[in-house]
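Look at the two complexes coming up: subunit A is in both, with subunit B in one and subunit C in the other.
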Partner chain A sequence: MKVKMLSRNPDTYVRETKLDLQKVPRNYDPTLHPFEVPREYVRALNATKLERVFAKPFLASLDGHRDGVNCLAKHPKSLATVLSGACDGEVKIWNLSQRKCIRTIQAHEGFVRGICTRFCGTSFFTTVYTGIDHHWKEPLFATCGQQVDIWDEQKTNPICSMTWGFDSISSVKFNPIETFLLGSCASDRNIVLYDMRQATPLKKVILDMRTNTICWNPMEAFIFTAANEDYNLYTFDMRALDTPVMVHMDHVSAVLDVDYSPTGKEFVSASFDKSIRIFPVARSQSREVYHTKRMQHVICVKWTSDNKYIMCGSDEMNIRLWKANASEKLGVLTSREKAAKDYNQKLKEKFQHYPHIKRISRHRHLPKSIYSQIQEQRIMKEARRRKEVNRLKHSKPGSVSIVSKKKKHIVAVVK
Partner chain B sequence: MTASRVAESLLALSQQEELVDLPKNHPLSVSEDEEDSDRERKHQKLLEAISSLDGKNRRKVAERSEAGLKVSEFNVSSEGSGEKLVLADLLEPAKTSSSPSLATVKKQLNRVKSKKTVRLPLHKEEVERILRELAFNKTSQVLSKWDPIVLKNRQANQLVFPLEKEQSAFAPIEHVLSGWTARTLLEQKVFNLLHKNKQPVTDHFLTPMEKASLKAMSLEEAKMHQAELQRARALQSYYEARAQREKKIKSKKYHKIVKKEKAKKALKAFEQLGKVNPTVALEKLEKARIMERMSLKHQNSGKWAKSKVIMAKYDLEAHQAMQEQLSKNKELMQKLQIALESEEEERGPEEVEELLIPGVVNKVQMNADGPNPWMLSSCTQDSREAETHEDLEELPEPVAHEVSESEVDEGPVAEEEILLKEFEEWRSLRRRSELSQDAELVGSQETKESSSQEKLSELRAPSQRFKENHQSWKPKASPTGTVPQAHREEPSLEEEEPLLLQRPKRVQTLEELEELEKEECSQSQEFFRPGLEGQQLERNPNNLSNAPKEKKKKEQMLDLQNLLTTKSPSVRSLAVPTTLKEVDDEEERDQKQMIKEAFAGDDVIKDFLKEKRDTIEASKSKDMDLTLPGWGKWGGMGLKPSAKKRRHFLIKAPGPPRKDKNFPNVIINEKRNIHAAAHQVQVLPYPFTHHSQFERTVQTPIGSTWNTQRAFQKLTTPKVVTKPGHIIKPIKAEDVGYWSSSRSDLSVMQRYPKQLSMSHKKQLKKNSVD
Partner chain C sequence: METAPKLGRDVPPKKDKLQAKRKKPRRYWEEETAQSAAGASPGPPSNKKRNQELRPQRPKNTHILKKSRISKKLQVPKKPRERKNPESQRSLSGAQDPFPGPAPVPVDVVQKFCRIDKSKKLPRCRSKTRNRLKVAETEEEETSVTAARSELLLAEEPGFLEGEDGEDTAKILQADIVEAVDIASAAKHFDLNLRQFGPYRVNYSRTGRHLAFGGRRGHVAALDWVTKKLMCEINVMEAVRDIRFLHSEALLAVAQNRWLYIYDNQGIELHCIRRCDRVTRLEFLPFHFLLATASETGFLTYLDVSVGKIVAALNARAGRLDVMTQNPYNAVIHLGHSNGTVSLWSPAVKEPLVKILCHRGGVRAVAVDSTGTYMATSGLDHQLKIFDLRGTYQPLRARTLPQGAGHLAFSQRGLLAAGMGDVVNIWAGHGKASLPSLEQPYLTHRLSGPVHGLQFCPFEDVLGLGHSGGITSMLVPGSAEPNFDGLESNPYRSRKQRQEWEVKALLEKVPAELICLDPRALAEVDVISLEQKKKERIERLGYDPEAKTPFQPKPKQKGRSSTASLVKRKRKVMDKEHRDKVRQSLEQQQQQQEQQQQQQHKQEKAKPMRARPSALDRFVR
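Coming up: the complex of A and B.
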């Protein structure tokens, strides 16, 4: 009897050098893999769960200020350097990698209301005016108070001042792309845009409530986001101010500060409700909320320029450092880790609409105060909506107009 | 009432004043006295009006309701007439009269009429608003240039940050060289060489030598040279284009024709060479042999040959091609011994021809047992025929030759054949001419030919015998013929036997192939074996029987599948069917035994049937039995209600039959699984418009388990990639190919010093006021 043996040509499975890719004989015929979708679903589910398991965003807290941290500034050239100004007039320069204060400067007697760094990173400016921002290319900076002043670094008097109405302006920001553009927000509930070159204000939009600060999108020249007192953030296209592009609502108290991620895809907002939230630009709901027990009203927030971290300064004198992506593994990844990360990300994206995955990925623990506030506000919102619907139902058709959610908060646009 | 009157009069007065105002605004010089009187009149009227304000003097006011007799020259009153006084009426006399004093007035009046009044300047806020609007429009226009970029970035599959590209460290060679000196010996040598020849170290277009030579040329010469160069370039480009075009032609037929043509040309050239200089031709042949020995070109070791080896099992043509390749190799490798031995230089080509014959024969010998030496043999046949023709020295030989050519029609071997024939033709021609020239050589030639004829006759004898009885041929041939003879015989034998043509098709099993190879390797040994043919014949029925057997096998397999998949009750006999069927092969039985042994433990089918039965049981709704023991009859211990009663009170469970009733190997669960439903999407998610879209996205797997590495990488590219530790700066116009305005914002601001200074002044004023 003949014994038949399986004999394979080693060429088919032995690689020539160890640098070659492993030969994995595999048949990709989809008919042979009937359980692709369920298997991927399980993988996605696991990835989502693991993401939640590893979501530990808090990295460090920098303490040393003796009063509430009022303003933060990124260093334009060094990722590890951060500047902060406190309510007692002290300015501290921090090294993030060492998590230490490098220098302390008593800058003012009163509040350090604003702080900004020069584009070259050699110097910084602080102000007792309500706000300050440095031009992105030129040796100019803008302050705001009763009007927006533009100063040359070398001159004692402002080279240009622009005003529209008389109210105290709370913040002024240069557009990072079209650098001659400025945006400011005043306490009479309006946001005003200025053109520095033509030395004139451009347009004014009046909202329901006061806007605390605005931030320009660093990748899209005409987009900016305003942090409003009515718990919402409004993203505007500056060419069409009558309707905000998106209304971001998740905070339960006044939003005090906002900063874009350097990729322009997301932004972070600091709120009076003792939490910070991360919003995708195109979504009205936040994707992440950060809070700690000890963190009080968050006054200022910044997204670091490598898109990895978030810093926030709060009332209780600390600066906190967070990961921008809560479950991200820090440090160098091997290629396999990277591939796995990408794959998991894609899986989560693919199955994001599945109820279990959605539920798990959205699940967050919140402090009781915020949680109850959210419930309360949901009820209020529902009541308002119901009332509106009822009014519409019981009135003559056409007599009550339906105002879209986006437009509801815009009072007027002044030319 | 009086008050209203007074007011009226005041109004009239003001109207008058207005009338007066008009000329006042535009310098119209009225005579002095007139003006004075006017003033007096006004004064008078004012006094009257004021005096009429207190009640006592009310009566004094003259009220004129109709035209009075006494009309004052100066006190023109339009009261009561209801008509307004118009300037034109007053000026009427001036128009009609043509006094010189009034001419100037007229002129001035005309001038006034022609001029238009300047509009009042807009309100300051209005102006600002317009300016703002203008500025806004301008700015939005500037911003809208970003629209395409923003859109592109939003839709991009992947964005890599930071956006600005790192500039490659590229420097012109001059810069690199300036800070570099030759250190090693080799470098120095190279540099010396370069300097000697004045080669450009830096990247110039021409060397100094070239430049010098260019300069040395006269203009005309240079022009001619240039033209020549141009022509050459043009020709080259034409040629290149043509080659490109021809290369792209996919038609095999065309390429075949081209190849043939080329071969013909080469042959002709060779012929020519043979005529002119036979030694050189011989050398050429020799060189070709050497080259062949050196190269592996026809060794069946190349990619093509390997693929052909694989395909040869299935494809006759591939096999033939392979054989041909080998034969070519043999042919080319054949040494021209006779040629070297031959004394007569003039007869080179003939020798070449003769040399070729053994080569061909050899090749045949090589493939004697090969599947199709048919073509090759025909080749030799041809040459042989030609030889005989030559022997006879017939003049119409070429014609006959052509006929033979047309008779035989082979694909792949045609070229060689043609080559051979051409050689022959050429040789015969040459010989004819030679014959006429030198007759002395004929004798030696004749001796040779006679010897060859003898050989031929020897060869033909066994073949004829074979025709008569090929079974008895082998044993006879082996003792009589020498080994080479036998080899030579083989092709002719096969030529007569078209049956053997089918052979490669029959070669299907591995053992056969192996044996084939063995045969090829040790042919000589096999030829000594007397029972070779018999063996082959033996194998043939074996093979023939093999094919149907395999078919049978396949059928059996199908049967098994059927058993497994369709009929569950008969499944139990699955283990036995081999015994039922007649299986003559031991191997098969063994295999089945092995499979049986391997899967002895698990009776999957039985398990499945049980499971199905259970599920059916579980899903069945129960019949309702409403019989009451003792109802209408006696009841008690040991007494059961009658069958009739039971039947009467039994309510059968309703429901449609199970869907899997007719599918014995399927369990259809008709209940909706809530556990599964919890994992399913209930509502179509936002960006999708149809559920099939969504399903499609879900159903395409992205994992590396189901995709190739490359596809996996492509499918899992992250949307945003950032480099760790790199600062991402805001997008710049330069990054995306736009050129931002070269002027800085500051310089633009300083272009409007007036505006700025004004605002600045205002600012300062405000400050001072505060």
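Coming up: the complex of A and C.
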């Protein structure tokens, strides 16, 4: 007879002294871990609920301006430094870590309409023209008004000026990757792209309504997003302007400003409806909406270069600092915290489409004004859609063409 | 065990070759090694030929997972590296890695950890989704390989009992085993002589550390059976039908004559649950925190012990219920009925999920194994049957027992114990969680009284038996899982660890609605509601947004084939299927006609055979 009984030595499973860590032997055999999927589901549900519990995005409000904040600029070298220009011609330099104003400069008599920093971080430019942007590598900058002017820092006259028709141009932006490319938007509803090397406009696209500003994707050179008056944002591929890549619609009033995150995966938009929203580039619905009771029409917004914070300047003279990820824990994380965070993130991703989890993660509180506006616009949209369907139903087949949502707002593309 | 001797056999020829090679003129690195440690490190092979000879030996000893991407990756770049510079693999010391590349992983272990069913094809979907699924699949494969590698770290080996050449293990007595094993294991065999309080029911806690038992005459006790430390002992002065630990050893549910009571480990009565009356059997679902009770009134009641609410009370409509067990794989409750059926219940559904006719005559006992694959039943017809629970519900094994088994239990490694009168038989299969063969018992044991309850102790090679003479703890080598998971159920956990585990377990309490036959169903795509959604969307929009636009001929471009001929060619291909179908149907029609004609011929031939036409011919069709 040969016999062996299972006989464990307790010393190998129990810690020796109280100062030791507890011993935890693992066995990953699936039969010892039953109900894997339901338990993961419950964990994902808990993680989603906790995310909503800990979603406290508002960090600070920087006050000190004596008129509405009209423009913001990031410092290219220092994360903590921010510049802001107000409607009374005052420019303030802020330190975000101390949440204090470092310097105040009376720059102009009237509005500070545009502000930008030089790539080296030593100087900044403000303008009373409608917009300004600095070249990303060379000592050049562009302003816009009746035409787009490109200036050399050392010269008093513009080195070239470009126009396409007669209209007032509201903003101009350099492409951060293909640095000789410029985009501008004008009040006659068009977006024009220029090439600095040829000193000529490339092409333009005309939309239904006026575009307020555009922002280039910092990761994909050919993608830019336009903030439009018709409550929507349009992400375009520069090579095919006739169809926007995505129409982002969640705002209930004109969109005034837009800024990309440094990863190029998301962007933030500021709107006249007193809220800011964060959109993923590939999705038409926003992932997040930020609002406070006291925040009025948001005029400018910036995503900080460390991808962690968002700043917005609004009518009521304040600059507000938000977390880009509402439920993120600030400060140093321990390795266990980090592991738990990563695990929860993966679980949330895995089960994101389950109805119960989706409902919880999508739920946002909205101020009454925005909420009622959304309801109203939903009714209007439904009516329009119904009419379209009826028209399609009762007309000769083929006579009414279905125009997709994306193409609906594009009037023409001119080259 | 199997690979070790083979490896040993292969090693010596390698050494011989290396010794032969050492007679050649030495390189600078060989001199160093020879002086410092003679023969310790094998020098590098001098030419490519030898290297090639050595290499193919490796796959012979151990079967490598051929599909795994890891092993493939590493095999491919080896060749070009050697061609460029044959000395690149050698280190400065001259030592060469005798087992280059990742360690081979046995296929069957990887299979155990594989969660994706590869026999199923990927569904037809967009390329983006398809790519994502493919990536997930490869990730899954890699994780299963890593998990299989971690198997190496498991500390304990399962127990076994083997007879020497033809000796029947069933004839080995407990006393012999106790004599043969070490003292610590021998101490696990004990008898409690409690004749006074009648037949006992026993229950081990989930960690296998604690034992609770309740006698018919009201004796209830709980103890740490390893150290033999008594936790509590009370007499409830009422008949005890069943006893069960809740999620931890601190709580104890006792089904008494009238109502259900919950005691703590001091023996203090915490709750008296009057909603559950005349309970005969108890089952605790640890991941759902549900206490399932079967009553004389024919109700199956689920009590959520974390919030103290009754989740569902199901009327089985089959009279008195006194045979119940749970399926540990999917938390479905199995009820045995007096008409020979076993019904499967979930609290989410009012009707039984499945009804299986198992026996002629009533069902006496039911047990389900830990993987949820097999169900053993015994009935009044003295039959013992093992059913397949993987969808077919067919009997796999059956045998008649002289007395018929009154109590059944499966162990963690798939041993089946049956209590028949005062005899206990245990059957074993080959390997872990395999189907036990019912011919020859693995072990038998005779008790001092008829068996009233039995359960295998988790993580210990012990079978607990409650009988009219008291409690017996019987040694069954090879019954338990040797390696426990410290985060799931740890027999050696401290109080702090138990408290932390309790909080975690309560946080991830699985809702009762999720109990169904396939616990992985939650992770699968709900195709039906998806189709329904699609349909509704098309109705709402008035057109199908995902429909493909019909083919539009392009305006003619430069080149040989005109668009017209292109269209024609495409149409031809499109029509080909249609034509094939028409052709087939025509052939079928012809065949049918021929058959009919033949039949008519036969009938015409058959008619004249009869002498006279009958009057009933009119009704022939």
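Simple rule for what comes next: the second predicted complex is superposed on the first by the 389 of 415 C-alpha atoms of A that agree within 3 Å, B and C clash if a C-alpha of one lies under 4 Å from a C-alpha of the other, contacts with A are read in each partner's own complex, and residues count from 1 in each chain.
The definition used in the following text is that contacts are C-beta pairs under 8 Å (C-beta built on N, C-alpha and C of every residue); 3 or more make two chains touch, one makes a residue touch a chain.
All values derive from a computational prediction rather than experimental measurement.
In the superposition on chain A, no contact is made by A:Ile169 with either subunit B or subunit C.
When both complexes are overlaid on chain A, the residue A:Ile410 reaches neither subunit B nor subunit C. Applying the stated contact rule after C-alpha superposition, one finds that A:Asn46 touches subunit C and leaves subunit B untouched.
In the superposed pair of complexes, A:Ala73 makes contact with neither subunit B nor subunit C.
Using the contact criterion defined above for the overlaid structures, shared-chain residue A:Ile278 touches neither subunit B nor subunit C, since it reaches no partner. In the superposition on chain A, A:Met1 makes contact with both subunit B and subunit C. When both complexes are overlaid on chain A, the residue A:Glu138 reaches subunit B alone and has no touch with subunit C. Counted by residues of subunit A touched, the larger count belongs to B, out of subunit B and subunit C.
By the document's definition of touching, both partners, subunit B and subunit C, reach A:Pro30. In the superposition on chain A, the residues of subunit A contacting both subunit B and subunit C are 1-2, 4, 28, 30, 33, 36-37, 39, 41, 43.
By the touch criterion given at the top, residues 128-129, 131-133, 135-136, 138-140, 142-144, 146, 150, 153, 159, 161, 586-587, 590, 678-682, 685, 694, 697-699, 701-709, 712-713, 715-718, 720, 722, 724-733, 744-746, 748-749, 752, 755-756, 759-760, 763 of subunit B touch subunit A in their complex. The touching residues of subunit C, when paired with subunit A in their complex, are 112-113, 115, 147, 150, 154-164, 167, 169, 172, 176-177, 180-182, 184-185, 188, 287, 328-331, 370-371, 433, 459-461, 475, 477, 480-488, 490-492, 494, 496-497, 507-511, 514, 519-520, 522-523, 541-543. Contact residues of subunit A toward subunit C in the complex are 1-8, 10, 12-14, 22-39, 41-43, 46, 385, 389, 392-393, 402. Across the complex, subunit B is touched by residues 1-2, 4, 21, 28, 30, 33, 36-37, 39-41, 43, 76-77, 79, 135-140, 147, 150, 152, 157-162, 176-181, 193, 195-203, 218-223, 238-239, 262-265, 305-308, 332, 339, 342-343, 345-347, 350-351, 353-356, 415 of subunit A.
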